[in-house]
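Given below, in the form of structure tokens, are the structures.
Below are two complexes that have subunit A in common, paired first with subunit B and then with subunit C.
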Partner chain A sequence: MKRTTFTKKSGKGASGVVIPGTHPSLHNGLLLVSTGIPSLDVVLGGGLPVGSIMMVEEDLFGRFSKIILKYYLAEGVMCNHSLFVASFEDKNEEILTQLPKPVTKDILTGSKTDDMKIAFRYRDLSTATNSLDAPPKYGHYYDISRTMDKIDYEHCGITTLNLNKLIRSTLNKLNTIASDIQHTAPKSIVAKTKLNIIRAAIPGLGSPLWCENTEDNVSSIARFLHALRALARNSLMTCVVTVPTHLYTPHQVNVIRHMVDCSIELESFSKEKTNPVFSQFHGLIRLKKLPCLNSLVPFIPQSLDLGFELKKTKFQIKCLHLPPDMSDGAAESDGKTQKSPCDSNTLHRKLDF
Partner chain B sequence: MFDQLNNFLGWRTTDELKEDFILLKDGGPSFIEAPFLLHHFISFFLRSGHKVVLASLEQTPPYYVVSGSKIGCNLEREISEGNLEVVDLLGSSLDEYLSLNEDKSNSSTLKDLYQKLQAMTWKVLIIDDISLLLNLGHNENDVINFLHYLHVLSRKKGGCLITLLHHTVDCDSALYRKCERLATLTIEVKGLGTGFSKDVHGNLSAVKRDISNNASVQRKTSKQFKLTDRTLHIFAAGTSTAVL
Partner chain C sequence: MLLKLLNQVEKPKFIVISDSLDVTGTTLFQSFVTTRCKKTVVHVFLFETHPKDFLTSLKSTNHENIIIYDFYTDPLNWDDGENTISKSFVFSKTIENHACHTDQFIVAIDGVGMYLNNHPANQLYQDLQRLKQNPQLEQCILLIHSDEINQGVKKSIEHLSNAVLNLRHPRNNVMVCKTIFKKPNGKMLQFYEEIKIASDFQVSAMKWSLPNHNEPCEPIPPPSDEPSVVSDLSFNLKLSNDEKKQRGKLVMPYTQAKLAVKMEEKTSGEIIYELDDVDDYDEEDPDDDLDF
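Showing the complex of A and B:
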């Protein structure tokens, strides 16, 4: 039986075919690609498995889901993968002009802490961070304030598709790319063939531009995703779709979620209505479904309560935590007479260790 | 094959094929849902020596092969020996989708599938999963009829039918109620009410129903389980190794 879901053989020798931009998973035998956001890779257990479909459930205005998609495509450019973008925008090339520029390594390595004289035992330990920062062996950091120039991405095989009619045409086009010899999952490892990954990005699937949110359309989206899954499993492809799930009923969202392999939900905060507890985050990430290809149990990350923050050079996903509690007892005096600390009224305020 | 699950159900590989219709269902969305039980049943029935046909809508055949090898069952060898046959419906759905110009009537695809399954010889038929047919837009009545025909067919062959109901199927829907009615063994996998926990993945409960005597229903106590990559640990509620 042919192994169509590509699992990398554990060969260190010449028989192993190395596909650029991929790395084997530490937990199961799958081949993973980076999503473009290193902390998201940590959450998913190393990256997105080849052959899977990830759904990003959009936040209210789609701001951050678009940014995530840009990181995904930028990573594809850095790894020399073939890209495929299908959307309803008039000029698909626009999303390509907005890809973030990668950050060079020098900016990343912060200044080393001074040689510790007293606590020398702790010198070699890494500083405690709350963020899921893996040393990016496989991913890249991107500077969101600068964009890639055309020369940077010209070398990639990029296909864009402007959809005016049916969803079907997307799959047709994607199928023709996938049947290209360099993208099909090989039945047996032949050392000579050059293989490459297709990164497909479909923003706004199910948005009002595609279709109205009726039951019929939900099942047509489900059929599309089902066929897309078949295509992804049989070729070297990963796919990220963004769906505005807030427009659909919970039951319909469950149906769409069933059709994809991995799903994360974004909730972004608006400046006025933010809970002060979340002051340092730009939004929350909820994991709704984790990829479970080729294994019984999916990889479960350390913490399931995650929030994200978009900095200039990093899209950082952090475990949720409360901000440090700055006690405000020190500020108030307000002309009240000084009372002795043992007085029952002031006891809880003055004695603060 | 999960040994602890065999103990829980009281099954041995040497037993005769007692069950008629096994229903696996999800109690709600969770990271770990019912499909892992399918691998157990595939390897169990192969180990008992029955012929198995797997109609897979949810995943491609290599997924089952790799997952089967994790629990100690060499599915590739079983396929080459002819004990297991996999009908790859996921792969054929792509071809169907691309070749259609407009949606042709969905009920004819179910009829074709039924005729294909009728032509094969099998003792155990596993469908992964029947709720997916609803999500893909087939009419609920068509799916119920399809299930009914398959059930009659499996009774004629003296075999067993196993299927999975995903939690997207509403409890009040006709398909859900029909499956519950037909099932001689129902296994429900439900996540914990308090949220996801790494040590206790959920609750497992089984209901046996005697078809000859309609009034007799036997419920097994609900136990908690933890699924690792190789085995399934089943323990009484509150006795997880993390807690003790």
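Showing the complex of A and C:
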């Protein structure tokens, strides 16, 4: 047997330093961190870059932005990152008790128990056709109908901050955590340094509890985000903030958007006003700003028309698609919706031959 | 839904009643106070009605549980009044100063226009938040007038609340209440109800449907038992249970071929031919009688 001179590079990277829970981006040289939602990771190009701030523009009642934040924190627990939560709620620990429970892959593939008799060659292929459905390479699956036990997150370094005293204290507290040696971005790579990521979450930034929605206050929010961004860039930190932008004018929202690296806007549907085309979705996601840290052009996902769906056990982002047109009997219904045969609800119905 | 809120079947922490010039919400506000004061102490902050008028209009109900803070008579301290909206006025502190409560209490606020004229809205939000965080507070009911306050402020107050009751007046003598109720798990429910309030503050509510609104898509009638294509055929396309079992038992041809391939691999490619009856196999070698 011929021996080649090719030697595989060791998986640890050139320097031998691995930060748990991070992976390098396939598109640019950044270090990425999973947001906890695999489909959101795909949209962002693999995950959230370390050192960036993501803003989630809240939907009208803040329900889905809270879920996104919970996934983000749960992923941090799973990767053993340090967590930091700052909010006006009295009991910050409550959000920790509501984190979704991680689900192992076995439980997921167990549903495919039918041995395919005719299409046996397809048995071992993955069922994902759309890249947004593909199983996550670096993330974890979660079940939002169940919550994480205390044992699971006890080992994480979690800091919570009640903001009723002073907002300025957020930055100070974050600064003290960030200056901890394990969180600083090292100037030179020395092997064996234990590095870790801080995941900061600030729900409800800019809500009436922080400040009134006047011009002065918008500029102070912008200043806060500017300082936060400086802190994030200088240390190994990612930050997710949720802002109720429906309370601000479009111009004010633009000012705030400039200060963050990545911004997604959630628009939830109310029951009555749903366009029948969107019957499967619970709302739309609009990418207002994509992270573009070290490059001129950000990673642009395949499709910019995205919607989200909150199933019983998971929250998923999907491409918007029209339901297939069922011409049979469409004439009678006068343009009212037909249920598509590929809809997950009707799949169980009879399509018997 | 409104009745559930009134009867405390659902207990959101912060209820906002929003009315306007067309439709007054004071009667609804008073009915909330009457239902609550039967069981718990209610601290009522009156900015827009005189306490005497308020109490007389409540008539027969038990007045023991109602503690009134009068901000109507002299809000700006012109006559050295007792309750004034001074710079340091804060709802939560006023309640704390008032002694004699170890139990749960409910706060009802008549209107915020006067407060907002003298204080920034920021202070109102933080004050309400502090009230909410008081563990002894069972519920806070706030009446706001949508044409009196800034829309931005109204939106912010509704953002902080757990239930919003919008009162509207589509026709004469008809009061419609749009209830937006935020469940603790985040889900939002919306109801439209026509309400009538009797003179003794009993409220009756009926479901009200919007007249001009397009009806939401009707649920699709379940597909008929057989798809129309198959029903008219002269032959049967369905399988009975026995036939299905037999179909399951059937071995597919390729699986046999798979087994055959496996067998061949073991015997390294030899061809084994077994003679039929018709074959005439001569053991002799026909080249034997060649003499060279």
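One rule holds for everything that comes next: the second predicted complex is superposed on the first by the 287 of 353 C-alpha atoms of A that agree within 3 Å, B and C clash if a C-alpha of one lies under 4 Å from a C-alpha of the other, contacts with A are read in each partner's own complex, and residues count from 1 in each chain.
The definition used in the following text is that a contact is a pair of C-beta atoms (placed from the backbone, for glycine too) under 8 Å apart; a residue touches a chain by one contact, two chains touch by 3 or more.
Predicted model only: the values in this text are computed from it and were never measured.
In the superposition on chain A, contact is made by A:Arg223 with subunit B only, not with subunit C. Of the two partner chains placed by superposition, A:Ser169 touches none, neither subunit B nor subunit C.
In the superposition on chain A, contact is made by A:Asn213 with subunit C only, not with subunit B. In the superposition on chain A, A:Thr159 makes contact with neither subunit B nor subunit C. Contacts of A:Asn28 after superposition on the shared chain: subunit B is touched, whereas subunit C is not. Once the two complexes are laid over each other on the shared chain, residue contacts for A:Thr147 go to neither subunit B nor subunit C. Residue overlap on subunit A between its contacts with subunit B in one complex and with subunit C in the other: absent. Residues 120-122, 125-126, 129-130, 133, 152-153, 155-157, 159-160, 182, 186-188, 190, 213, 216-218, 220, 223, 228, 237-238, 252 of subunit C are the ones touching subunit A in the complex.
By the touch criterion given at the top, residues 1-5, 7, 28-29, 168, 171-172, 175, 216, 219-220, 222-224, 226-227, 229-231, 233-234, 251, 254-255, 257-259, 287-290, 293-298, 300, 304 of subunit A touch subunit B in their complex. Contact residues on subunit B toward subunit A in their complex (touch as defined above): 29, 31-32, 36, 39, 59-63, 65-67, 70-71, 76, 79, 90-91, 93-94, 96-98, 100, 132, 135-137, 166-168, 170, 196, 198, 227-230. Remark: subunit A residues 60-64, 66-67, 88, 90, 117-118, 164, 207-209, 211-213, 244, 246-247, 270-272, 274, 276, 279, 328, 336-339, 349-350, 352-353 touch subunit C in the complex.
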